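The structures come next, written out as structure tokens.
Two complexes are shown next, each including subunit A; its partner changes from subunit B in the first to subunit C in the second.
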Partner chain A sequence: MQSVKLAWDDIQLGTETGRVDIAITDAVLDFYLSTMELDIAWFTTGAAPYGKRIAPPDMVPKLAMEPLFQDYLNGNIGQNIRAKQAFQFIAPVFVGTTVHGVGHLVEKYERRGRRFVTVEGVFTDDSGNRLVLDRRTQMLLSDDFNMRS
Partner chain B sequence: MSDDLYLDDIVVGQELPHTIKGPMSTAHIMRWSAAMENWHRIHYDWRFATEHDRLPDVMVNGSWKQHILIQHLTNWAGETGWVWKLNFQFRGMNVPGDTLTGWGRITAIEERGPYGVVSVEIGLRNQNGDEGTPGAATVVLPRRDGPPVPYPFNPACLDTI
Partner chain C sequence: MQIVTVTKTATMEKMSQYSGAGNFHSDDKAGEQSGLGGAIVQGGQLVGYLNEMMVRTLGVGYIAGGAISVNFIKAVRPGDTVTTHAIRKETPADGDPARIEFDIWLENQHGEKCTVGTASGHLTEA
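On to the complex of A and B.
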């Protein structure tokens, strides 16, 4: 297992874990849809009620996962694996939107000899309207955090 | 995707139609990792996964599984409903060869203003029936003779009369 930079007590709630801007283009959406083998008119042509193409609701959090959370977690806390996740889908994400994401470390806890951190990402459009919330809890795998060893 | 789903059409205890994906292959996993630019070696490096991380095989991506859950819900909610909230846990690993079945069951229906707030128990089972991704979702549905769920969705609409 790799060593980690932060000790458990040094993990500070409120720490910003990353920022990202993602331009939602036709090409980005087409690539995602082909990967998922998705052929739903909302996403492919912009069927009613939206009127123009929207992204699958979870696409933005997925594209943002590395720069918003994982780069920080892997670099500072070491290996980790997702234990829980929660989304709120507040508004559709249209092609042409540039989505702005910011991530924060919001919770840490110990349970059954394991240690966990929870990070939260907030995604907004250019006007600051919230589009998606993503809250995920990662179990820490490094021996430094394994209370069972 | 269902055509139109209304509050009038559902009851507590009702099962959602299943969404079946698989058998998952290493090609699925590699393609997904590429699309997500997720280069964690447990998804493509068999030796690393099995010898270093002592896993049974390379892993089906968790983010792939969460997408199946969301696809499962949006297909059910159709063009009239809004999948508002979703949470789940990753309790089980999935490997190439697994077939994943998304399932769901309505656990509660709360009438809020002109809409219904529907609680759904969901999960992903493998071909052996083992549950690996249990969770819950909240879906907002209109009444057949009521106003449509607004787009973009605003939770304040639930408190209007």
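On to the complex of A and C.
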């Protein structure tokens, strides 16, 4: 298993973990619908009241997770696995738009001999309106952080 | 309002499609090397199934105004079939009478809970 760059005490709350811009295209949406075996009309055809295709609410966080969180976590803290996940879906994400995301490390804690970090992502449209909030807690897998080993 | 449950089988093909190839969400060897005992389904994929249930149940009241919070308590493996479940709570979410909340969970084919939590949204015409 890979070694880590940061010691536990050096993990700083408030660190920006990444930024990303995601173009929501028909092709991106179609691939996600296929992957998730989703056939809901709001996503496939743009049924009323939207009149235009929208993304499944969890699609943007999925597309963003590598540049927003995982590139930082894997590179600095090592392998990790999701322990908790929370989303708030504020407004629909339409095809043809670009979504902007920024991630931060907001919490770290120890529990039952394991260490965890929590990261938060905020996704906005071109006008800065919030679309989706993403808060996920990752259990650290590296032996450097496994207090049981 | 009728709760619409969702059942999916987690194939390695779909896991690889969701998580990419060559990692512990799509490769048994990588999962073994990470101490996970083989490949496991990515949590986001499981939350996606729960979100599908909530969208089918609450419609636009979940797409714009929905919230979900879950814990992953048991790994889901390739070949497992999972089903989402929800029970409506009696009290409104966040003290808002227009907002309804559910206890939600995802079970595997053995009836074991794998992901548990809550979800909420507005009751609208789906």
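In the analysis below, the second predicted complex is superposed on the first by the 149 of 149 C-alpha atoms of A that agree within 3 Å, B and C clash if a C-alpha of one lies under 4 Å from a C-alpha of the other, contacts with A are read in each partner's own complex, and residues count from 1 in each chain.
Heads up, the rule we're going with is that a contact is a pair of C-beta atoms (placed from the backbone, for glycine too) under 8 Å apart; a residue touches a chain by one contact, two chains touch by 3 or more.
Everything numeric in this text was worked out from a predicted model, so none of it was measured.
Undergrad: What does the overlay on subunit A give for subunit B and subunit C, a clash or a fit?
TA: Clash.
Undergrad: Now for A:46: first (subunit B), second (subunit C), both, or neither, which partner does it touch?
TA: Neither partner.
Undergrad: So, A:84: does it touch subunit B (first), subunit C (second), both, or neither?
TA: After superposing on A, A:84 lies in contact with both subunit B and subunit C.
Undergrad: Report for A:63: first if it touches subunit B alone, second if subunit C alone, otherwise both or neither.
TA: Once the two structures are laid over each other on A, A:63 reaches subunit B alone.
Undergrad: Name the residues of subunit A shared by its contacts with subunit B and its contacts with subunit C.
TA: Common to the two interfaces on subunit A: residues 35-36, 38, 40, 42, 49, 56-58, 62, 65, 81-92.
Undergrad: Please give the residue numbers of subunit A that touch subunit B in the complex, ascending.
TA: Interface residues on the subunit A side: 31-32, 35-36, 38, 40, 42, 47-50, 56-58, 62-63, 65-66, 81-92, 129.
Undergrad: Which part of subunit C faces subunit A closely enough to touch in the complex?
TA: 8, 14, 17-18, 24, 33-36, 40, 42-45, 47-49, 51-52, 55-56, 60, 62-72
Undergrad: Quick check on the complex: what are the subunit B residues that touch subunit A?
TA: 1, 31-32, 34-38, 62-63, 66-67, 70-71, 74-75, 79, 82-90, 148, 151-153
Undergrad: In their complex, what parts of subunit A are in touch with subunit C?
TA: By the definition above, subunit A touches subunit C via 1, 34-38, 40, 42, 49, 54, 56-58, 61-62, 65, 79, 81-92, 136, 141.
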